[in-house]
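Each chain carries a letter (A, B, C, D and E) given by its place in the written order, and its residues are counted from 1.
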Amino acid sequence: MTAGQITAIQPAQEAPDQAGVGPLGPKPRRISAGRIGLYAFLIVAALFFLIPVYIMIVTSLKGMPEIRLGHLFNLPGEPTFQPWADAWLHACTGRDCNGLSPGFYNSVKITVPSVVISIICASINGYALTFWPYKGANFLFGLLVFGAFVPYQVVIYPLIIGLSSVGLFASLPGIIIVHTIFGMPILTLLFRNFYAAIPVELFKAARVDGAGFWRIFFHIMLPMSLPITVVAVILQVTGIWNDFLFGIVFAGRPNWPMTVQLNNIVNTTTGVREYNVNMAATILTAAVPLLIYFISGRWFVRGIAAGAVKG
Amino acid sequence: TDLEVIHWWTSKGESAAVSQFAKAFDNDGHGDKWVDSAIALGETARSTVMQRVLGGDPPGAAQFNPGRQYEELISGGKLLDLTDVATAGRWDEVIRPKAIGSACLVDGHWWCVPVNIHSNYWAWYSKPVFEKAGVPEPKSMADFIAAAPKIKEAGLIPFAIGGDGNGWQIQLLFQDMVTEALGVAKRDEMYTKKSAEIAGGPEMKGVFTQLRTLKQFTDNGYANRNWNDTTNLVITGKAGLQVMGDWARGEFAAAGMTGVKDFGCMIGLNEAKPVVSTDGDIIVFFKQDNPDVEAAQKRLAALLISPEVQVAFNNAKGSMPVRGDVDMSAADPCMQKSLKAVEDPSNIVTATNRFITENTNQQINELVSQYFADDSMTADDATAKFGTIIGNSD
Amino acid sequence: MAQNGTSVSIQDLSLSFGVISVLHTLNLDVAEGEFVVLLGPSGCGKSTLLNCIAGLLDISEGRIFIKGKNVTWEEPKDRGIGMVFQSYALYPQMTVERNLSFGLRVAGVPKDEIAKRIARAAEILQIEPLLQRKPSALSGGQRQRVAIGRALVRDVDVFLFDEPLSNLDAKLRAELRVEIKLLHRKLQNTMIYVTHDQIEAMTLADRIAVMKGGVIQQLDAPQTIYNRPVNRFVAGFLGSPAMNFMDGRLEKDGGDWHFAAEDVRIPLATYAFEKEPTPGPAVFGMRPEHVAFNSGAGWPFAATANVEVVEPMGSDTLVWLKLGGQNFTVRVTSERTPNNADTVSIGFDPMRASLFDAQTGSRL
Amino acid sequence: MQKSWRRRFHLPAVIGTIPMILVAVGVFVIGIGFSVLWSFTSSKLFPTYDFVGLAQYRRLWSDSRWLVSVNNIWFFGLMSITCNMVFGYLLAVFMDQRIRQEDLFRSIFLYPFAMSLIVTGLVWQWVLDPNLGLQAALRNLGWSSFSFAPLVDADTALYALVVAGIWQGSGVTMAILLAGLRGVDEEIWKAARVDGIPTWRTHMSIVAPMMKGAFATAFVLQCVSVVRVYDLVIAMTGGGPGIATSMPAVYVIQLITVRQNVGQGMAAATMMLLPVLVVLAFSGILLWRRNREASA
Amino acid sequence: MAQNGTSVSIQDLSLSFGVISVLHTLNLDVAEGEFVVLLGPSGCGKSTLLNCIAGLLDISEGRIFIKGKNVTWEEPKDRGIGMVFQSYALYPQMTVERNLSFGLRVAGVPKDEIAKRIARAAEILQIEPLLQRKPSALSGGQRQRVAIGRALVRDVDVFLFDEPLSNLDAKLRAELRVEIKLLHRKLQNTMIYVTHDQIEAMTLADRIAVMKGGVIQQLDAPQTIYNRPVNRFVAGFLGSPAMNFMDGRLEKDGGDWHFAAEDVRIPLATYAFEKEPTPGPAVFGMRPEHVAFNSGAGWPFAATANVEVVEPMGSDTLVWLKLGGQNFTVRVTSERTPNNADTVSIGFDPMRASLFDAQTGSRL
């Protein structure tokens, strides 16, 4: 058991380095070929992903005359931040020339409750479907998934009629309901499949502990669904923040989200297009989802059920 | 009274123009307020309006194209009858050309207010390109087709076009060519009588053949190009000529160009036979239960067509006013051409949309853009198909 | 133990997973305050039975009563049970402390009461330093202790323990065994306890239920099960080292019954037959620890044999011999360990033996 | 009596899923019901109840654009779902290797999802435009024979759409699969390492099957976005060149909003749902039979 | 056993999880073909040590050699090891058969060879009927057997077993114990085996390593550990029922050493001291099974005492007495079980005792 014994059975020629014992201590984070390949792949993929945003940023810093020259990949000759200022503050959308900024608050007002409510609804659905399936529940779920395949425009008419008959058409609650409805199929699927992978013993233990439907959900399941909730948040924040179609119809004029302005800045049938402002406006609009992606990343925790069960 | 107006005038120039309406309405002395609901893209704005109507929450007023789109709105009783305003403002007299007024006059009732005229019948060309290629500036499409090979030789794109949005640019070109080939009268006959015979006839085949010829003079980047980018090719001197409506002037102006030495404009694809189309914008008003709102709507309707507002709006927008009794001396040379042309009723081409439904329109779009894209489709096939579409249109 | 009524009563319970039938018309009555241990080979349906009692599995047939109430379709939380799962089932996102307190918080127990109970459980289970850790940072045994703690803190009528001590070391296991016994004495609640450890079974149980293939073979006091197993399976299953079985014949010599195998003849005068025996093939069972070793004469049956193998087991040694041409083991205290090939004398009293039918395996 | 607690109606479960019931029945069933109903009418701008039988379907199936759309969707769907899943899984796996700057990479792969396609589509057009984008850039660098104009050719435009689709959507696939990966127990990895199973085999044979929920989710999400693909096509090709890249959803939406032919649009939508219905019903029956066998 | 070299050698191994230091400069040499059992209280670092040997945890310091090769930075698969996890870690979506065969198929072992090995493992582990099931349809013990099987089918130099039998019933456990022993004899591979079962430890091990708090306390042959524990911890940890400890003083009377506690004086003439003792406080340890009970005179130390508690344990009974004012237990065969409050005589030979320093706990 002593070091002497060890050296005895370690012929010097086998490990010619000092004391004849070779590697010691924690494995150094060596850069292996595999890791180089891995980073190479990631970086190449990242570059591919970044091409458009590079062009967007570069373009947004150019003046229109420079853009007309058409040198897409060139860095701006005389960088200008005017397009950004325009996009945020001055761009015209109809008679108002206040840029994107006025819609920002509306977008927040729509997005936050819609995201929260839709995720709560969907996670409850997924949970109930996995652990408390009642007769017909899975058939309902099938219907729901079926609904996910319908182009929005098809269901929009009945929805308009329905919502206006209960007086929620063109209102904040109306738009929140609509987002919840259209988020439900995919989100429910997301959560259902996630919960199906959770060991059922945890559910059993909680039931024995006397917890009921809601308590198991809020205290056991929800905290364990962090990674999938992040995915749900990513999906919903993006979807709702960028939504334009529903916002414009169901939110009502006073609640129009930022995307209406974005659309107005970016699109025109027969008017002149200012590409630099368009690019800046697009990046600005995407800033909130991007921020959320970045922040929510750390909630992609590893081993969510680690240590919970064996077998 | 607050009045919400939905429109798709969202670009910088359009925005300046619509402010003229808003300003006038806000200051009409009745405490009115123009609530601006700009929604870019005509189809988006229109379907929003439709959905709002369906949801029982229509806007006070909305922009439309003069077409058959809103016939259903009239028959559905959704629109406000403006006949009394029109009578008071003697619209039937002041609005010229007549064709544009008739868009709003259905069964003796006025259902909308035309606010401007946009003509689709224009070709825009780069003077430097023609100079460089050593060919004279074109006076007609024939001239241009003759000159095109030279331009190509000079390493430039002779003909600029874009294929975005279901190929509407191509259809615009096509419709212009149809009118030129058939002449106004025969064209109108084809559309009104839904004459498959004319539509499938030899003149039409000529149009399709010419279209194929033009395709040879385009670049291979046309596929999904915006009209702006197309115009930009002309502006930057990369391409020779583009067929586009008069709104293209705005791009040239934004690039700091005047129609004197940098670019030229060819009216009606043939300077010898100038035509002006009655495309343009109209405003419709939706029936509301509130009499106050109705009064405000009528005030706005009257205002939109008043001479001062017409001048202010159209100068900003770059379009022609719908009444001739206004002072447009500030307009640029190209505009002057069309102001001159519009005075002669025989130069007036009724907008295609007035004859056909949007459904038919899109079918034509598809046919034309498919034909343009797909070289394996023969002119005969295309002509036959066009005949069928027109024959079956409703 | 206040055996003043039936606490858990299971009637004709059957359960199958699809085509695999696990429990077959099982009946079990547990008196109030009784400590019943379920014993049985791996896969015989012990965990499944506990799950049924807890209401965590859909039973196929039968009824379950707890405290006289038919709870067959009742929610687990309405059955007044606490359970320790074989697979721990700790809540991964909660610290140990929160894991322990969850059930109490659900029940609305006051804060200080919770703290008190947790402190007590943590002390018993020696997990105080771990209270703030998450399950993933615990060793196997520590997880198991937390799982026990989660049941201990709860104040319920019936405790269901599924192999609660299997991952613990002998010392801790012995301590916890005592603690569980004390707890049971104090709380007087009913306990149904699955274990593979016979010491646990023998020391804790009021009654032991030995299961095999989803059927309870014998349900009796530990000593009875140990001394008078109803069939060969129970006899062989209990006891470590296992009982010796000798195949042979039951014979009547004059008025006396004998068991004969090859050259061995065991007189059965002192053996208490279950019912009047008939001659024929039978199996003779004798526990290795009931065999006297080199301890002189005076035994109703005595023999000499050669030592074949010697297996030391710490405190004792197992000596393998041949008797009646068959393997026969004897447990010997360490100091008396013989050497291989030694000739030794053995003796036992057939009173302590068990005789089984060679066919059915049931006790004669 | 033989109904177990699991299958009985748990009041809280029913209450909790009231929104789902309302949406499934109240919105999708009724909504789809109306669409089917309207597909038998001559509705134009607004839905009406002037029934014309199967006329809309006849017109639909004689419309070359619809036929092209139907052809396209299969090709596009197959290509883009496969590529997306494979690429997304690769990304997820690589992201799971305890890499540096994980947040940064993840955000990069996800950002296209956050950007309005109206503009990113335009940028892609620019990049793919032979006179502006890659072709021009590389030719400027001296590679004068380089030719790359996928959007122009009807045959390659679909591939361009697939690439842009991957660019836009694989980040989400990655996120879903990453969440699934992170749920896999560490011990499984350890066991596989001891068993000497190469990492890629561990992924293929052990981890991926364990993540079938995540895969199913990502797959359905992909299917949904393929069936409903609209923005991508509009932004990238507008259905062109010609009608070469038209898709059913684009067709439906254009019929409803631009062509103002609600009746035929609903007919097209009904046709779109038919295969989905068949697949769902089929898998539903399979599932039901499996459950019945398991609980028999 | 061919002890012809060192198979696994661990040098100055340290490991911590963040701030929690689990293993402290641990050294361990396992000879080739040796069977080493790791024993120790729950949470002492046994699983962690196995994980380090397998290369599944990044060690903080030290080196690990397997077969003379420094594998400190080697991948697990290159270490030539097989491992059974405490938490089983079965591949959930594969059938039992696939679970067993997967590693082999990846390694490219021929089909019929795989089939043969699986058949053999399945037979040993009695899991033939389960081969087509998925882990989720297995009981705890069945899962554990599959986990063992997965290691068994592999042809490796070193096996690491983490409590492989903890969820099995005594009978099966005994059988598998024998199988593992036989397997070891046959394969001659090195085994490092964690268990809490002392019988397992005693019967299987060539040497036992007793761990506490990440440090190996004693590494010796089972009998040595059992009879001459190096410190009080080892003495108390091994043996069930546990060793009796009596606090008292070491005194020298004339030339003879005595251990004194209250009225008890134990002569230590026969005790083999580790080194020359000094008078002072000490702890006297005596195993309950080494105490003779009512067995007459002739013992170097004899006393009488009153029975306080009688604890039946199946084959034996534990009798609690008071000796020197302290608890003292004696293991008694069942038939000699006394009644409560009986006065009994006991005797033992201090040769079998262990004396410990009262402060440091190390053997005197």
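The definition used in the following text is that a contact is a pair of C-beta atoms (placed from the backbone, for glycine too) under 8 Å apart; a residue touches a chain by one contact, two chains touch by 3 or more.
Fair warning: this is a prediction, and the values are worked out from it, not measured in the lab.
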Leading chain pair when contacts are tallied as C-beta pairs: A-D
Chain nearest the overall Cα centroid: A
Chain whose mean Cα position lies farthest from chain E: B
Mean-CA-position distance for chain E and chain A (Å): 52
Intercentroid distance (Cα basis), chain C paired with chain B, Å: 92
Centre distance in Å when chain A and chain B are each reduced to the mean of their C-alpha atoms: 41
Chain E, residues touching no fewer than two other chains: 86-88, 90, 138, 140
Junction residues of chain B, two or more chains touched: 44, 54, 226, 238
Sites on chain A at which at least two other chains make contact: 70, 157, 212, 263, 266-267, 303-306, 310-311
Touching residues on chain C, where the partner in the complex is chain E: 17, 20, 39-43, 45-48, 86-87, 137-142, 144-145, 162-163, 166-174, 196-199, 202-203, 222-223, 226, 236-242, 287, 289-290, 311-316, 331, 333-335
Parts of chain B lying in touch with chain A, wherever the complex brings them together: 4, 7-16, 18-19, 22, 34-42, 44, 48, 51-52, 54-57, 118, 226-228, 232, 235-236, 238, 245, 247, 250-251, 254-256
Residue ranges of chain D touching chain B (in the complex, touch as defined): 44-46, 64-65, 122, 125, 129-132, 149, 151-152, 154, 157, 236-244, 254-261
Residue numbers on chain C that touch chain A, as the complex places them: 51, 54-56, 75-77, 81-83, 85, 87-94, 102-103, 106-107, 134-138, 140, 143, 150, 154
Chain E residues touching chain A - in the complex, by the definition given at the top: 5-6, 9, 11, 27-29, 58-63, 65, 68-70, 72-73, 86-88, 90, 135, 138, 140, 143, 219
